[in-house]
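Several structures are given next for inspection.
Both of the next two complexes hold chain A, though its partner changes from chain B to chain C.
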Partner chain A sequence: MTSFLTSLLGQLPRRSVALAAALAVLPVVAPGQAEAQSVLTVAQSRDPQNLDPIDTFRVAWGSVASNIFEGLILRNEDLELEPGLATSWEFLDDDTRIRFHLREGVVFHNGEPFNAEAVQYTFERLLGEAGAAGPQRANYTSIDSIEVVDEQTVDFLMNQPDPVLITKLAGYGAMIVPPQYIEEVGEEAFDMHPVGTGPFQVVEYTPTVGLQLARFDGYWNGEAQVDEVNIRFIPEAATRMSELLSGGVDISLDIETNSVETIRNAGNVGLVTVDGPSVTILRFHINEGITQDPRVRRAITMAIDRPTIIEAMLGGLASPIASAQGAGSFGYDMALEPYPFDPEGARALLAEAGVAPRTEITLDMNNSNDTFREISQVIAAYLQAVGLELNIRSHETSVYFNDILANGRTGEMYLFGWGGWTFDFDNTAYLLYHTGERNNPYIDDAHLNALLDLERSTYDRDVREQALQDVAAYANENALDLPLYNTATLYGVNERVQGFVPAPDSRMRYMNISVE
Partner chain B sequence: MTDQTQNVKPRVSFRRKYHRFFKFEFIAGIVLTGILGALVLAATWLFPEGGRTVDLMARLTPPFLSWEHPLGTDPLGRDILERVILGGRISFTVGILSAAGAVVLGTVIGLLAGYYRGLWDTLIMRFADIQLALPFILLAITVIAIVGPGTDRIIVLMIVSQWVQYARLVRSSVLSLREREFVQAARSYGLRDRKIIFGHILPNALGPLIILLTLNVANNILLESSLTFLGLGADPQTPTWGGMLSEGRNYIQTAWWVTVFPGVTIMLTVLGLNLLGDWLRDELDPLGRTSR
Partner chain C sequence: MPVIRFITVRLLQAILVTMAVTLFVAFAIRLTGDPVVMMVSEASNVTEEDLARIRESLGLNQPFLMQYYDFIKSLVTGDLGDSFFRGPVWDLIAVAMPATLLLAATSMLVSILISIPLGIYSAVHKGGLADQVIRVLSLVGLSFPNFWLGIMLVLVFSITFPIFPASGYTGLASLVLPAVTIGIILTATNVRLVRTTMLEILSAQYVMVARAKGLSERKVIYKHALRNGAIALVTFMGLQFGNLIGGLVVVELVFNWPGMGTLSVEAIAQRDYPLLQATVSILAIMIVGVNLAVDLIYGLIDPRIRVA
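Entry: the complex of A and B
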């Protein structure tokens, strides 16, 4: 209570009339026994490290920031696009100009009004110098410039068609930020204590420890059920589980699949699952070693019993896939079948490719993925059955992504997991297969580049869908990677929590949740 | 009077000697280390499969239910007894080789620095001070990030960071020994330095060294387990105690046996070695010169 009051009082000069009125009531409440604060406590594994929308691409950010920020478009828990801070939009001038009509009466947490200037500032910042320092800018470079038409109307001028733009306006980098506040406090202070238009405002962010949010009374779209949300960053899965089971946290995100049994056996905690965008695939080093040969890559895929892994190791909470996307993704092709589990066929293919029995290959992975550490050993056992000896090398996570993977220093196979939050295969396929992408150290294929460029340059859904399905089919045909499974997103929720709706994309909204 | 004392004395001294030699520490230490060591030595012969037989149908079988899996199975259906015993191979290899490497390197450097003194002594000892200030786990994580994970690297890393303790210990013994009469005498006979150092000084500096060595083996077994626990040690398929602990911790609420058995084994091993070390210290260094 005290810290909440202090932060309100500290911001007094910048507050809106509505809040000033709220504060006028405070002296009556504060000295006596204030009514009990309702607090929702949430555990998640990772710290976003930086709360600025343009500086991040972490799911950890998505899990907290939808409570603080909003975009012009809102994507709800059913993954449908709804009007957010824009009430409507229209395509003009041969689709080169998109006009947004903005919502009236919206204010930022510091009292600053939301208007066309804020939208223009947000995108000029994203596409300018500040945005260039972060990872989000690349998603929005189809936007040429922003024109303010009037206070409540703004035009996006496009330099090329961008079929996923409307979805991306609900996404990470496109969250609307307050121009005056940023100019006042500076970029660095904004990273740690940002201000948005969402239902909760930041009280205190302590890196690696937690983030405290308080209800924003001036919110335009209803009122949050709880007074405060206390988000704790707990990297250790076993600790998160203990906190959940003991009631120390109300909701735990990032439940590891191997904890599912524990939750199912617990009386006071429920497991909530929803089909997620996250896929786990093994990628091949297609330029070196025995995996240069597509027959070997196919054989490795056929040697591994993916349905059994899903049943036994993942508690059935995943689906087999034939490409790096789940069934909910745009570009998913029902007709594309995963390679069957066929150890005999795999052995025959390996013999045909001239691979000697007991040939050694290496799998690289990061050390922070407990579930996959187990699965990698099952994979090794399956490969041993067809005559391949698998060495598993695990690396510290940042070393793995920034060096081993980015610089192409992997063995014959390496682990890659991706949550294509747009639920559009474009997001995943482009970074997996297009030449020169940071996460694609090996593949340089003119056919794939052409398909990917085609689907990025048109608004025609049929053309795009066909192109994306062709990408998936081509990758499958050449066994460019080994699609393992599409995991469900898992939440552990205490029974005292009411109104929990699971977010498939991990972008939690705590507004409608209450705690008994 | 004289006769009486002569009659009594040998009996007392014999009993005291007997009592001291077969102290509880010695018996417990030898039994624990001996049994575990013998099992580990026999491991390769007992389990030629190398503890890698995955059986998803038998995953997480509880212990004490069947002769097939007396201590139960892990999340991949592998036999825990088999993996605990095989896991000792890595732990003992790392523990013994790293301590042995460090003791050889540290002793040679310590002998030379202490005997010859001078600029090299100063340089080496200041370097040793710097090295003592670096936390091992931090150093290990950094080095492994650069050269990649592997048991051999961990051994080298431990040698490189632990020779310092031995060097300091030996050097301090040498500093006092080199002034003693028998060393002066040896020098006056015109013996070569090499002969003096290894023939006269080293045997007299050996006691504290052996004690530190036993304690360090135990410590290094723990360190290896910590590194594997962090996912920075051996290939996860290779059975190791730290790796088993790490894999079991997500199941601790539903399948305690996955973590408890390797945990208890680590505890017993370290306990056995520490008891032996304590006993050795009482035997070889009753005045407590060994710094721990």
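Entry: the complex of A and C
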């Protein structure tokens, strides 16, 4: 230790030399580059941190990775499933075998051919040792093994039915990776400089700073409009807005609702919105306190004027919901209506349940959502109007998820937000209502478990849809949660940008965008 | 040999402080949350077995002392290990450290360039209108929260008049706003310090002697007074380094400056133990190192201070 410290002190003068050299060390984008080539500059709040598909589940990864990687299936901006690296697929042997016919003439950015071996390698890696250290594997464990039939045909052998598998093959851990390249450069190098089959290839990834992509000329499905995409990671919402307004970036993802007015008033920037998967709900502690009584939970739901909150607090950029999913989600039931705003009815229900006026209840929330912090104050006012005093306890995000939520230490109500990227209610419903799920500290209901197990075990879309609608209806009937709203996904786009198509799932595709 | 004894004692203290900081950081961060939960916070279908498997692969199932030992070993060998989320820690520090040092040094420079002339002018014209204005302005400067000042500068110089980039590091121009933000905050303190130091010295007997010898006022101020005041100023600015690093964390976030502050804040949010331990320890070593250097230099210059 002593020698380390002395050597460090000995380096002090050298550090000041390093300081002078710092300009050379830092990644510098010369302003002149933009003129020579067409560059699209994008800001997003978070850094994917690791570009390897099996190591991450960040939305920030999804926002960049669809430009680099592709799966067997492609999900387009309308959320329709299309052939991707597979041209077609069929279910064989009582649905225990799924056969994929692969696209010919596809190459990875390093020139390596895409074929059945690459598919086999991708999934054996995901389900094997490398995948075991990451969060993606869990989504694909219904796959038992992969069999190569011939160069362009591959079979997935299933150990259990997985009705959402085809959708999941369009995303995240199922992106096809190059076997030779990974064997050559190793796992660690692949994290930072990966190679895929997508329309752009990685030029340089600088952690916390940005990711530079360049057009891949050998792409099989057309040609990207811009030469380069420069993605910058800017965590501060105010800073992202500054860059968008000053023209420093062409597109900004992760626009917060309270910035909408500023964008609408700016001359050179437009707001583009699309229905997203994100829902914000309040959940109830159904085992303790006054919220054990379904009448109280229903009363609280009826006491809050959700359409007004959406109009006044969210600039109208959200939709009221009756279950924890948006209208674009599979399993959404148009016929299921949210409880109406009815403070009189709420007071009557509370009186019927024997709740004394001015009874105190507690709402736990994490502190990372500025918009919701304001909304929680409005909710407190609505509840006060029906005779309930709301205490709001705000926690640091990690503490909230690690301790308050995971250990069931919430008050009568707690905040939960989720955006299931599969747009299949299964993704959200299972983790909200199935016994033993990490995010479900309180609900242990045999009826819900049976419905959820049913929808997970069949490929029959009608049966699944009915089961998922039954889950939503049951949750609504018992007021297990208070679905607040489904927020739109917001983008700020400079008028220079042409051909921008908003992605509901934040999985941006920059291929068809050009910059004037 | 009192000098050697003095140096040894200071060095041992510095090592002790650094050890205490690393131990505290490593211990405290583990009390507040599980990085694996953060890792899968956006994932569905994750079971307890999955969590256990990821924990094992990150070495989180080891006892605390074992994890701490591994960390100290990595610190001493300079390897620093791997972040939980984003590859080798050293690669991240290699980008962040020069950025932070560059910003810190430029801010210091901005502050020195403003505060020394203003402070001297204020002291020489004590009680005059300029002195009053400078004193009021420095009080205003002290009351600015640095993030607010940063946002205001962006509003004026990036959005209304697009002269400088609003954020990031894209060449020398992007250094201006963050460096001026911190520079102004530091100047507020430094102007007062220069003024007080100069006032004290200007009333000293040797200055009176210099004036009595008939030296020009210029020579009296710059050759006699400022040189003597410089020791105190340099010492204070050295000690200010700790505050500077603290202020940098916020300003780096506002300007999305890819430095150690941004890196540490992200490491805290994600409970990235190896990265947070490394960034905090390195910053602590730097602060301890600068203070040690100031102590040693001061001790060498002024023999009265050597007796610790």
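Assume the second predicted complex is superposed on the first by the 481 of 516 C-alpha atoms of A that agree within 3 Å, B and C clash if a C-alpha of one lies under 4 Å from a C-alpha of the other, contacts with A are read in each partner's own complex, and residues count from 1 in each chain.
FYI, a contact is a pair of C-beta atoms (placed from the backbone, for glycine too) under 8 Å apart; a residue touches a chain by one contact, two chains touch by 3 or more.
Note that the structure is predicted; figures quoted are calculated from it, not measured.
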| item | value |
| --- | --- |
| Partner chain(s) touched by A:A351 [first = chain B, second = chain C, both, neither] | neither |
| First (chain B), second (chain C), both or neither touched by A:Q377 | first |
| Which of chain B and chain C A:V274 touches, first, second, both or neither | neither |
| Touched partner set for A:F57, first chain B, second chain C, both or neither | second |
| Chain B versus chain C as contact partner of A:S246, first or second or both or neither | second |
| Touched partner set for A:A473, first chain B, second chain C, both or neither | neither |
| Chain B versus chain C as contact partner of A:V148, first or second or both or neither | neither |
| Which of chain B and chain C A:L336 touches, first, second, both or neither | neither |
| Touch count on chain A, higher of chain B and chain C | C |
| Partner chain in contact with A:E188 - chain B first, chain C second, else both or neither | second |
| Contact residues of chain A, present in both the chain B and the chain C interface | 238, 245, 396, 399 |
| Complex contact set, residues of chain B against chain A | 52-54, 56-57, 59, 75-76, 141, 144-145, 148-149, 230-232, 235-237, 247, 249-254 |
| Interfacial residue positions of chain A with respect to chain C in the complex | 1-2, 4-6, 8-9, 12, 15-16, 18-19, 21-23, 25-31, 47, 49-50, 57-59, 132-139, 188, 191-192, 206-210, 232-236, 238-239, 242-243, 245-248, 396-399, 401-403, 406, 420, 427-428, 430-431, 438 |
| Residue numbers on chain C that touch chain A, as the complex places them | 11, 14-15, 18-19, 32-34, 37-48, 50, 53-54, 57-58, 72, 75-76, 78, 85-88, 91-92, 94-96, 98-99, 101-102, 105, 151, 154-155, 158-159, 162, 165-172, 253-256, 258, 262-263, 266, 269-271, 285, 289, 292-293 |
| Chain A residues touching chain B - in the complex, by the definition given at the top | 237-238, 241, 245, 256, 258-259, 261-262, 265, 308, 312-313, 367-368, 370, 373-374, 376-378, 380-381, 384, 390-396, 399 |
